[in-house]
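Chain naming follows the written order as A, B, C, D, E and F, and within any one chain the residues start at number 1.
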Amino acid sequence: MPDLRSLIDQKHWLIGDQVFAQDIYQRELETVFGRCWLFVGHDSMVPKPHDYFTHFMGETGVIVQRDGAGRIRGYLNKCRHRGNIVCPYDRGNAKNFSCAYHGWVYSDGKLIGVPHSDEAYAGGINFDEWGLVEIPKLQSWGGLIFGCWDPDAISLDDYLGDARWYLEHFLLREKLGGLEVIPGVQRYMVPTNWKIVSENLAGDHYHFMVTHGGFVEALRKSEDKRIALTGVSTGGRFHAFSVALNHDHGVPHGIFQLRSGSGQLETDLTAAEELGPEAVAWVHERQRVLEEELKDFKHKPYSFQGGNIFPNLGLTGVGSALYGKAFMLHHPRGADRTEVWTWCAVEKNAPAAVKERARFVLMQRFAATGMVVSDDSAIFERIAENLNTPPSRQWPMHYAMAMAQEGEDPRPAALAGEPQRWPGLLTQTFQETAQRDFYRYWSELMNTNPAPAN
Amino acid sequence: MPDLRSLIDQKHWLIGDQVFAQDIYQRELETVFGRCWLFVGHDSMVPKPHDYFTHFMGETGVIVQRDGAGRIRGYLNKCRHRGNIVCPYDRGNAKNFSCAYHGWVYSDGKLIGVPHSDEAYAGGINFDEWGLVEIPKLQSWGGLIFGCWDPDAISLDDYLGDARWYLEHFLLREKLGGLEVIPGVQRYMVPTNWKIVSENLAGDHYHFMVTHGGFVEALRKSEDKRIALTGVSTGGRFHAFSVALNHDHGVPHGIFQLRSGSGQLETDLTAAEELGPEAVAWVHERQRVLEEELKDFKHKPYSFQGGNIFPNLGLTGVGSALYGKAFMLHHPRGADRTEVWTWCAVEKNAPAAVKERARFVLMQRFAATGMVVSDDSAIFERIAENLNTPPSRQWPMHYAMAMAQEGEDPRPAALAGEPQRWPGLLTQTFQETAQRDFYRYWSELMNTNPAPAN
Amino acid sequence: MPDLRSLIDQKHWLIGDQVFAQDIYQRELETVFGRCWLFVGHDSMVPKPHDYFTHFMGETGVIVQRDGAGRIRGYLNKCRHRGNIVCPYDRGNAKNFSCAYHGWVYSDGKLIGVPHSDEAYAGGINFDEWGLVEIPKLQSWGGLIFGCWDPDAISLDDYLGDARWYLEHFLLREKLGGLEVIPGVQRYMVPTNWKIVSENLAGDHYHFMVTHGGFVEALRKSEDKRIALTGVSTGGRFHAFSVALNHDHGVPHGIFQLRSGSGQLETDLTAAEELGPEAVAWVHERQRVLEEELKDFKHKPYSFQGGNIFPNLGLTGVGSALYGKAFMLHHPRGADRTEVWTWCAVEKNAPAAVKERARFVLMQRFAATGMVVSDDSAIFERIAENLNTPPSRQWPMHYAMAMAQEGEDPRPAALAGEPQRWPGLLTQTFQETAQRDFYRYWSELMNTNPAPAN
Amino acid sequence: MRRVATEVQIEIEQFLIHEASLLEENRFDAWLDLLADDIHYFMPIRESVEQPAGGAPASSSGGFPLYDDDKKSLALRAARLQSRLTPSETPPPLVQRLITNIAAAEAEQGGYYAVRSNFLVHQERRGRHINQFIGRRDDLLRRAGETFQIARREIQLAQTLLPGTISLFF
Amino acid sequence: MRRVATEVQIEIEQFLIHEASLLEENRFDAWLDLLADDIHYFMPIRESVEQPAGGAPASSSGGFPLYDDDKKSLALRAARLQSRLTPSETPPPLVQRLITNIAAAEAEQGGYYAVRSNFLVHQERRGRHINQFIGRRDDLLRRAGETFQIARREIQLAQTLLPGTISLFF
Amino acid sequence: MRRVATEVQIEIEQFLIHEASLLEENRFDAWLDLLADDIHYFMPIRESVEQPAGGAPASSSGGFPLYDDDKKSLALRAARLQSRLTPSETPPPLVQRLITNIAAAEAEQGGYYAVRSNFLVHQERRGRHINQFIGRRDDLLRRAGETFQIARREIQLAQTLLPGTISLFF
């Protein structure tokens, strides 16, 4: 494996292609995906006891299930006998998982049945020791379920750190009743390295007007304003920032388009009017709750649009009341393949028309058929074609945007001296601080050892 | 390459996923497939001089041909000049193989023609040195042809060891006229490691009622008893065992469903009656010969159903007179792909109706369209998906079935004290002794060096 | 990586399969394709300023463009920001390349635009340092454009060495007006190692009558003489040779079917007659110029048919006035895949009927649908199947043809004592000197270090 | 539902073939003209859902669809495909559509036809990336003089994991 | 053999399309009803056999077939596919069938048609494994009132190495 | 151009299906008989060409075609395919052709038909190598009594990087 220090020049912020190479990838599966807290789903995906869905943590297949006692738990989707997938479905409800190879039966993770066990094992097998491997740490935070293979990992609270404030107020909105995930996940491949996608979501607002220029042009020309209205705020009446979370002290989550000012609220109200008085009331109610939460703030953010929870959970659609919220999980599948899983969540107590519109808008933009992701994936696959083709990798990539401005207060002059009342390093929208933090932390993780066995 | 000792815990019989990894695979091609005697076919596939078929030993392409003098010989299917495949057909009859690249011609392995050899080589090439590479050891035993690349290998007799007794009496039945292979081989891919399949055939009777539960259910409900009749013996009137061959002293072949008692014979007779008096007479004749062969035995096996000849020859359909006998060769094709080649053999002197029924039954169960292999391959591909996905490989697989009972006499109490008159370690049907022996020997082979050049 | 010295036995000229293995391949990308002068196109493909085409050097994507000042230059097709392909088209005309990810704009290689650069970079980016990576050496020689990544490489003149004389007189014919490449390139995959193809073109005339036996048979039987007439010279009235260029002192290009005598000229005239007096006049004019160029020679070559410019530029169709000239570039795509790019060039000032016929003939033989390449690729894929399948690789391949005759004058006795007036080691047609030189030089290159960064 | 007359069967086949041809040639405006103004254009995801014991195993049509469009949003999508600024369409991928198994029946409403067809859509981007989509469509066609309009289309792919993002109509 | 009338050609096309649809939807009992009671359902393996000098190179239909079934054994196979205990069908794979090149002729026996068709059958298992089977069928159809019965079917794949085991009818 | 009568549509479909069948069975002489003596058989390459600002992005049909043949050169190619000495045909690959989307119209000249069709051609060599070619054909058919002759054929693949060399007719 190449020396990571020579690949990542943290002085000039130049990064060599080799961070995307196959040997690095193998190690990532153990260090990054073996040690980090990984998003695995949302409480609303398993409302009833024994509801479950199958999933991946990195390349590792798992089952997430609400157990008989109502607790959400996670297991390797792998029979302890000979490794067969014990649950071949995408989701469902099942008290037991019965392995289709030799019939070992598991319930709530415990091994409860072994065919002919007297004859076959004559007591030589201790059922208590051979239950499904349980994900050692699995925790739901505000409805978001995360799992972690490393028994010595920091707590999920510490892992999320600064991110909690943003998720609470703008995404989860538990005081309004929280989120619900629409059943079903969209899955598609992108022929690129997972980090190319994740660093984009961590803070690459810079690409939007270029990569999505054709989409923006189409929106401008189109009679159909349903989609435009949630995305592009009316100019001038808002300020937008990027945020580097846990900058210099923790796990590098990134947020783009944190917006303050009245612009987005006005857009939301315009869109809501079209949907009727219930929708308008909902937007007002959201605002009322938010105002209360931030009542001491002089400078109040309205929302953020999206971001990346390290390592591979992309968020988008968070910015508007009329926009479905996407959880986009970027599963690694080799150095140059990423399997994207996208869920759409909506605010549970929103009026039906708002939910329907939100789902519709997210679908138009971020479904596998979405106009935004289609362009992103076209770019990502081109980058991947250019990686590790000697001798081109002599010339590293450039991650040095806005280094000079890092640490300066990007807020308008009117706020000079006003303390920032919330966590995270605020930067201007066009920045690469979040990406630099991403790779700095990543390289530290890569220098650790794989997580030890339980 | 990981240390094999740490991967295979021979005390508790836990085996790590890494035995199925790609680096191990590369070495297997040299040690296992470069050193073992490998099945390559049956005499009846090349009845006449210069009949041949092409084939693989591991990943290595070979030709097996009856030479002009009637002797069966094997060659690398690789031109000595520049490595072209000299014979691109599946089978046929050809006195010479003429390389399609530059036209070197080989006959019975000897280089006999080089275009323009005077001009091109001016005597600088010794035809005797540049014949096709002959497989250094190739031997037909009871019609079964095996080849081996290691000139220092033990003899085929010693390699088969205990297996010979079983093959002789239950599969080959040379006193009845022996086998003939029906022309044509079925070939299909299974996305799994070859050992997953081979260990199954070596002794995994335990999976049958579970994996094939749908098939068994269909058989039970179906009006078509042709297929059921050869497989499931009528309950109670037979005893079944697994057998670990050369246990503790040699190459670990495994046999499942060695059956004694009258059950299978009765089933065979019932099925034969439907086919007419000739068929019934054939079943009786088979039994007469067997009784004579085993006349001194108090406890007489009737047949065994299938097994695995190390490393990768699966056998099945052996158990019944009305069942075609399958040779299933599990060619390795990378760490997670196996190319299965299946031939159907029938007893040569059996009445036509018996042959026809035997072929039909094997097709229904073990052809590429077979109802049994379809379920097996569905399981095998799922296991492969679960292999080497860190961190799941921290938890090894379980091979500890019936360790306590190993060495106990599994025969019914009525036979207490009666010596076992035939070779091999008899175990109960539900066991993993054969599988443990498989990996024990495999790991020894893997610690040897690749076979030296001739 | 295996020791190359043990793989290439330069005494007996036996070469082990491992030279075609994946680990070797990785190194080839750096040493062979990172250090050699590689063909990238022809002047006529970019007639006007800002005409360009995209291309590969090994696996590395590049753009070749005539700049605003009329000079042909080459660039990595990779944005300096984050590595995106800056030009996704096959060819065209564009003053600027605007990266579709974030919109950096390059013109004649220089970075000229960075969206929002004041805000994003605040002067922290020096446009002069972040232009497209320019291929450090790019040179057009007689219209043939070659590029090289190694700033310390020998000059293109020295690299071509002996080849220049052959290219000048028989391929480029600049005195007649030179070549023009017909727009468009044919691209197809061959599942084999690039060296298998390149060594064939370097000098393997020996395979022609065998591999292409069916084609030759069809030509013989066919009424359509258009294709036959350019290929098979009328017997007896010509002498043919192979030539090892820079033998023992440089880069090993190889040429096959260097023909002298009147045979080919007569054939060309016969074919031209069918096309009318203009065509006949053209053949005579070609001959007149050639005679003048070689006026002091007693033994005058008429043309050569094809060859290989090291490492991977195949030439063919050079032999006849009525035959399109193919540039066949064999791009490496992994140890067992080659991506072939074929252009057809014709003599620019030839009469339209001659050009048309030339294009037609080349298409019939060497297009992706060509009757010649279809058979070659069938052979090459078979060789690749046989490579590195242990234990077969114990037996190396044979490259020892005509070793004894190497250095003998292959010309007819009538020329005894007559000096050879042109460069290159002349050998008989059936030879492997060129192939030996290929691997000797290749192994030297492989023992060097990768090219240093600029 | 009644099968249709031979003439009508051929008419409908030719209509779907014509439609495919327009899409292959990126003639999106002409394609939009084939759609009824009130078209519902729907493509659910495919997934496998295990039911509690007793229920049949299902391949569900989940709630977050791939397409759930009306004519306005389809027009927006078409506008994006036609912009020269759209990376996924620059250069335009090569697309071929095999439309097979066309079965038409008269629908309950007069002048409507229920038409099922299967398809394989092949898409190649820059010689490097080939995605193929295979599935079925259930259309409701409305007679419109000599031709038809597509009043409803439900598309079902035989793929649960898509080979890539989709910038295509089916 | 004579070609059939246009009406009959369309009838036969629609019959095969209907059949494919039943199989796509795992409606095996309805499918079995399309088969004559005396059906011979046959699929040989494909292999390349070199003949001694003089003979033509052959692509043989060897003696160990992939299918050589009658209605009873096909029913048994269908029963297995419908059991909830069958791993290869749990969850059910997604299958799409493209039936093309349908050519019908009147057979020598009255009321029978010799029908040739080509097919591509796509099967996806759990998003992870795609197998496609491509080949041709030669059917003998027997007129049965408004519809047909399949009296004989011979299937020939254009594949010598199969991508996987086959739990499919063609 | 006018669409053709139902009878003629079916005739033309059956003609192209018959043609495919001849090629699948390597009956090249019979195939050559379907070609007009003055046939122009053309297959350009596909590539993406950027035009100077203002011009539309084009997918060009470049100057060095894959096929640009007349009947004589097609016969020569067929002769090679039938030689037992041809490595690419020894043993013969297995080929299946799916011909779909057949649309016929009356051409301007009387007795001629402009026929468009899509295809997928599958070729397997020795179980180890599968190449598939997907594209479209624009034919000009000339009525010849009960049958037709192919007077012109232009083939366009939806592939810019071919999966292998081509020893096939389309």
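The rule we apply is simple: a contact is a pair of C-beta atoms (placed from the backbone, for glycine too) under 8 Å apart; a residue touches a chain by one contact, two chains touch by 3 or more.
Bear in mind that the values here come from a model prediction, so they are computed numbers and not experimental data.
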Each chain counted as touching chain A and chain E at once: B, D
Touching chain B and also chain D, the following chains: A, C, E, F
Same or different contact residues where chain F meets its copy chain E, judged by the half mark: different
Distance from the mean Cα position of chain C to that of chain B, given in whole angstrom: 49
Residue numbers of chain A (touch at least two other chains): 88-90, 100, 187, 211, 378-379, 385
Multi-partner residues of chain E (at least 2 other chains): 6, 10, 48, 50, 57, 84, 87, 90-91, 98, 100, 120, 126-128, 160-161
In contact (per the touch rule at the top): chain pairs: A-B, A-C, A-D, A-E, B-C, B-E, B-F, C-D, C-F, D-E, D-F, E-F
Chain B residues touching chain E - in the complex, by the definition given at the top: 50, 87-95, 182-191, 211, 213-215, 217-219, 221-224, 226-227, 339, 342-344, 359-360, 363-364, 367-371, 373-375, 377-379, 381, 385
Residues on chain E engaged by chain B in the complex (per definition of touch): 43-45, 47-53, 57, 60, 62-68, 72-73, 75-77, 79-80, 83-89, 125, 128-129, 160-167
List of chain B residues in touch with chain F within their complex: 88-90, 100, 187
Complex interface listing, chain C residues touching chain B: 17, 204, 206-207, 209-211, 378-379, 382-383, 385-387, 389-392, 394-395, 397-398, 400-405, 428, 430-431
Footprint of chain E on chain F - complex, ascending: 6-7, 10, 14, 17-18, 20-21, 24, 84, 90-92, 94-100, 120, 122, 124, 126-128, 130
